[in-house]
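One structure, pasted below without further comment.
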Amino acid sequence: MINFGYKRNESATLDLDVDNSELYKKLLKEEPSAATCISCGTCASTCSTGQFTDFNLRKIMLLCKRGDTQSLEPIINRCMLCGKCQFACPKGLNTRHIVLILNKHLHAGKIS
Amino acid sequence: MKSIAIIGAGIAGIEAASRLSKQGHKVYLIEKNPEIGGHVAQWDRLFPSQEEAEIVLNDLIKNLNNRAEVLFNSEVQHCGKKDRQFEIILTGNKNLLVDVILVTTGFDTFRAQRKEEYGYGIYENVITSTDLEQMFKKHNVVCKNGNPPKRLAFVHCVGSRDEKVGNRHCSKVCCATAVKQACEIKELYPDCEVFNLYMDLRMFDRHFEDMYHEAQSKYYVNFIRGRLSEAGENKDHQVVLKTEDTLAGKPLKLTVDLLVLMTGMEACDTQKTLNTKLGLRSDTDGFLSTKDVFTQNNFSNTDGVFFAGTCTGPKTIPETLADARAAASLVNAYLMS
Amino acid sequence: MRIEGKEQIWKEYQKEIPNDDFFYVRSCIRQNLFPASEVIFLKILREELSKTIYETPHHTTCGGIGYHSDIVPIETVMTIIARQFALMTEAGFENYACSCITSFGLYSEIIETWNHFPELLEKTRKSLKEATGREFNIPKHLAHASDVIYKVRNEIAEKAKYKLINKHTGKPLKVVEHIGCHYSKMFPNKGIGGAEYPYVLTGMVEAWGGEIVDYPERRHCCGFGFRQYLVQANRGYSLANTHKKFESMEPFEPDMIITNCPGCPFFLDRWQYVIAETEGKCYGAKGQGIPVFTYEEVAGMVLGYDPWDLGLQVHQIAVEPLLDKIGIPYNPETKYQGLNGKDLGKPELPKNICSC
Amino acid sequence: MQERLASSFDPFVLPYTIGLVFILTYLFIALIRVVKALPNDDKFKLLKHIFSLKIFKSGWEIFMECLLHRKIWKKNWTLGYMHTAFAFGWFLLIIWGHLEVNIFAPHRLNLPWYPIFFRYFMMETETTLQGSFFFFMMDLTLLYVLSGLVLAIYKRFRRKAFGMKRTTKLRWNDQVAMYALWAIFPLRFLAESFYSEISGGSFLTAGVGSIFHWFYNFTENEIYIRPIWWAYSISLGVFFIMLPWSRYTHILSEPLFIIMRNAGIREEHRNSGYGKVEIYSCSRCGICLDPCQLVSVASLRDSAAINYTRHLRLWKSAKAHQAASTCLMCNRCTKACPVGVDTAALKLNTKHELVNLHTEKQYDYLNTSVKDISTPLNALTLSGAEATDVDVIYFAGCMTHLTPATKLAMTKILEASGERFNFIDAEGSICCGRPVLLAGARKSADELIKKNTELFNQIHAKTLVTSCPICYKFFKENYALNMRVLHHSQYIQELLKIGKIKINPTTAKIVFHDPCELGRNSGVYDEPREVLKSVGQLQSTAYDGDESLCCGHSIAAEALPYRKRRVMSDDVVEKLTTNNPDILATACPACKKAFSETNKIEVKDLAEIVAENLV
């Protein structure tokens, strides 16, 4: 392969024709409540970690659902798992479990 | 002469009573409060036309023309089938023997204290939509300290679409009410900044979208898609809101002088006592279960017991009145057969 | 896709193209990228169809590349264009035909601007007068060179020696047509067939026996986009655009691509090579690419001109497989010979994409 | 007594002997493996314990628990009797058997089957009757064991009589072992009865033997009663071989477990041999089933401690993980367990193994220069005398921000007390780290502990008061702070005691719900009650103290669906409000939210009640 000094930009499109739903399917299997998120943002605004970083569970779940899992990997383990979002969530999602499952799958085999 | 007991003298009860009494039936209108009119009597103006609630209610009462026997301060203690009729015992041991029971018990407003993180009953400048209507009625929309609000926010879906309080359902009217109230606030205080924290704006009915359009184009009401997660109070007793602007994808902080919680509709407590006595069933949302969702939504599963109004789920005022008229005509047909 | 829907649009967007007497201006970059195309255009019109095409060595760039790269201000561009029009006026022509799509877009834009703001026209007239002493008329008809070929497509078809038909299968070749963005996306009524589904190239392909491929990213830009290519840091973005188009057309297995813009054939041609050499992916059959042509080259091909006279040897993607499909003879020996018969030297062959 | 047969061997002893050899070999190997798996300091602890006087304490405990089953007696007399009859009765039988051999045939002590099948090989002589004492004791003990057996059979049908609503569901291996065990004693009884004519017996065996004799003279056809000895031996052999693969493993492991526990070994931060012994010490008696609300209320039987240990034994790690991550860690099972199996530590290990947390630098954002971090930490790092020169740090806790009434009440109380305080997390905070620890991520918890300790110790306060029992437990047990740690209930009680605040008593009827983390898991029961007694009429319930229930909203149970949680909180509210109290008080934001959501009764934090009635 030749290096021309530039590379094709990765597409910024959420391409739902490409099946990237593997992680989301795993998530649903292990925590079915993830399917009932209404993206209200309560979790993101009450988040303890969100005070310090741009950690945003609503967005994370949405991106996971849309198959954009790459961007989740570096941020998912920032969660302090304090559970505040779980108490605030109007739909009763097991938010901590969701974070743990995503963390597990995104970092499978990369344990330090 | 056939007799009907209508339980609940809200607008559905009043409308059904006036229709049925006009058709020559004996109507007992049972009301637990000392006055009739239900929730509408608490309201100042109504969406989408900004008509005064009092005028609408007075029209309905005028229509009723004292033909029905209104039993104030009365609650159903006991009721049961007796031959083909129903025996009802009211508070004060008053006995009624009727051919038909029409349930118009309506709804209860969600008790905002149950969402503790929103601070109702804890912070002095957190009120509900009902409180705000009272303020409108008294022409005194002010913060606790007596000053008009310079910034005000409405929180949609308080007690609605919330599994945690057992209400998965949408209360249907709060979005429109919030937009109506937002416009009214701007009418009253043009310089007041108004925010609506919504999840989905459900402007489903006729003229609603116009109202929303007006709120945006005429009053510059701010709409933020995000649910309030928690409210706090600062030193000046302003309410500090934490939410996420889900469209911007960022947490959002907002300090307001007055916070209005759009409390939703819940199944009525009174109705629950009727259930066991009359063999009525509640759906998972707590509201009464009708015989068929499409074709028989005024019928209960018990012969001779009919439904009208919000006891079968959240409805707007026009919907409630239409439902009451439908129920009245069905009751009439039932009594004639 | 329902063809009736497109035909309806094509009916709505028609433009008047003069039959003869054109003042012709060339493109800055095509002469380097596809050196024979403009020559072939003139040859076909003058020799095959006996049209009057006037050309002057005094014309310049339209300023479009500088303009779209945010370097040349619009006032300058207006004056440059005014000078081009002055040359046409001086030569006694009213029909202006340009080789370049960017120029075509820019002429349309400037003429439209002058229509809306007559004071700018006056200012331009003044500037031109002061700078060169020239005066000009706005052309009566502005046509892109592809409009002209479109106009005579049936005459060409009558004279054609070959058709865009696979001689092995007897089926029409599957042709991807790609229109330059500035042809009609800015002013839909300036193009044949409107902004969404211009008919100009489709008309030629249909007239010459081919079949158009309708693929999802048909309307997507080729990836040139001036700043996206001219700045090296942005080049990945240009590449991504082209990649998107090829990914979209790949399942249709097109035989060839026809274009009407200077940049498009270049990028559709060269980026295939870059994608192959950086990612190992080829979009044609058997590790080949999809050959890309200008409409003049295709016209020349069906008329039976020698492929090497059409300049097809400077294409990155080898054209021989397509020539074989149509049945056009060519001499591999003379591929890299100059006009004087002198060997020009063979280019280095790419590693990941099949070349002849 | 004299030997009846010339030979000291008969083929029927083989099943028993093989079983015995197997089980002894197994025990030996298992012991070595367990000790080997222990970390070195734990091995040292174990040795030190064995060679100290404390070993007698362990011995006594083994006697009381493994043989007499003292803790089960405390729960239910019938159940206790049943367990003791089996364990202690059998133990006595073995003792008598060995004594007999020791006295009457000491040269046969080297034959392991001799004490067991003593009556087959030995006979009573008419003249001496020396053995009659042992015969009597043997029969008495056998009767004792048989009475236990009758109860055990009865229990399979009528467990309620034993104080149990639920009992263990047995798998085939447990069933084989159990029926083998059940068979041992009646078979022995039959064998000895049939033989009582030959070898002699006491009131039970001889008496029953003579009844049999009416029907058939076995003595003359000894060959016909040999199968019963075979059966007896086989049942013993089967039981021994099934022992390691069944619930009865605990017979072997429990003594070791007691010794290790008394040696101070704990299952912490690693999966050591102790954990193994602990798992195998679970007798699967099923006593933990009823206390577990997941089983009794939420119908999640698989999550019960007893089933969790079974998943571990069977290497079903996914199921074990599921059980661990639905467990509320309320520790009601641990309190009830007669063996003292503490599954909480094991569950953390299970989660740690499977929750593959990528922990590298995950909380780096907390370590960027503190000043750069926006608002929340500013409150934590306020410099200057005003913020650092205080008596009390008040840390509401993450969750308390969702129950603002509690934090406002605490502010009011602190202001009224005149104490100088810093409401350190008024603008938000870093999590204490217990939730992440409960998810199995110890390293992550350590990071948070480190950061919080740094922040707290900057302020030179005497006391750290928190409103969250989860934080309280963690601050107290896992932090090294320069100040004492109090839960707000303790602190309010202290303020009341020293008179810094005064309250007007009311007539409100109050029921107090002990939060698990405060009560059972931290032992704070009295202070909140004293506070509530001084402000209203505290009603007691059947669920006070160690019996307290979990609200169902514990953050330990990551995978527990909300609907299940809700079923539990509804159930708790119903159980606590049978006497129609006015207020359901608690001292934990999670419990408060759980109960408020049920909308059945007014729910308040005790701080709110105090703040409302301050003088």
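Order as written gives the chain letters A, B, C and D; numbering starts at 1 within each chain.
Please note the rule applied: contacts are C-beta pairs under 8 Å (C-beta built on N, C-alpha and C of every residue); 3 or more make two chains touch, one makes a residue touch a chain.
From a predicted model like this one, the values you see are computed outputs, not experimental measurements.
Asks: Determine the set of chains touching subunit B that also touch subunit C.
Replies: A
Asks: What is the minimum number of touch steps required to go from subunit C to subunit D?
Replies: 2
Asks: Average the C-alpha coordinates of each chain, average all protein C-alpha coordinates together, and give the chain whose average is closest to the overall one.
Replies: Central chain is A.
Asks: Which chains are joined by the largest number of contacting C-beta pairs?
Replies: Comparing chain pairs, contacts are most numerous for A-D.
Asks: If you average the CA coordinates per chain, which chain's centre is most distant from that of subunit A?
Replies: C
Asks: Centroid from C-alpha atoms only, then distance subunit B to subunit D, rounded to Å. What do you get?
Replies: 52
Asks: Compute the distance, rounded to whole Å, between the mean C-alpha positions of subunit A and subunit D.
Replies: About 37 Å separates the centre of subunit A from that of subunit D.
Asks: What whole-Å value do you get for the distance between subunit A and subunit B if each is reduced to the mean of its CA atoms?
Replies: 38
Asks: Cα centroid separation between subunit A and subunit C, in whole Å?
Replies: 46
Asks: Name the residues of subunit B that each touch 2 or more other chains.
Replies: Each of 117, 163-164, 230 in subunit B touches at least two other chains.
Asks: Could you list the positions in subunit A whose residues touch two or more of the other chains?
Replies: 46, 88, 92, in rising order.
Asks: Where does subunit D touch two or more other chains at once, residue-wise?
Replies: In subunit D, residues 401-402, 562, 593 touch at least two other chains, as defined above.
Asks: Can you identify all of the chain pairs that touch?
Replies: A-B, A-C, A-D, B-D
Asks: So in the complex, the part of subunit B that touches subunit D is made up of which residues?
Replies: 111, 114, 116-117, 119, 122-123, 163-166, 230-233
Asks: In the complex, go through subunit D and note every residue touching subunit A.
Replies: Residue positions touching the partner: 325, 354-360, 362-363, 365-366, 373-377, 398-399, 401-402, 428-431, 433, 435-436, 439, 441, 444, 448, 553, 555, 558-563, 565-566, 589-590, 593.
Asks: Mind listing the subunit A positions that touch subunit D in their complex?
Replies: 30-33, 46, 48, 51-53, 77-78, 80-84, 86-88, 92-94, 96-97, 100, 103-104, 106-112
Asks: Quick one: which bits of subunit B touch subunit A in the complex? Just the residue numbers, please.
Replies: 117, 157, 161-164, 199, 225-230, 242-246, 249-252
Asks: Using the touch rule from the top, collect the residues of subunit A that touch subunit C in their complex.
Replies: It comes out as residues 1-11.
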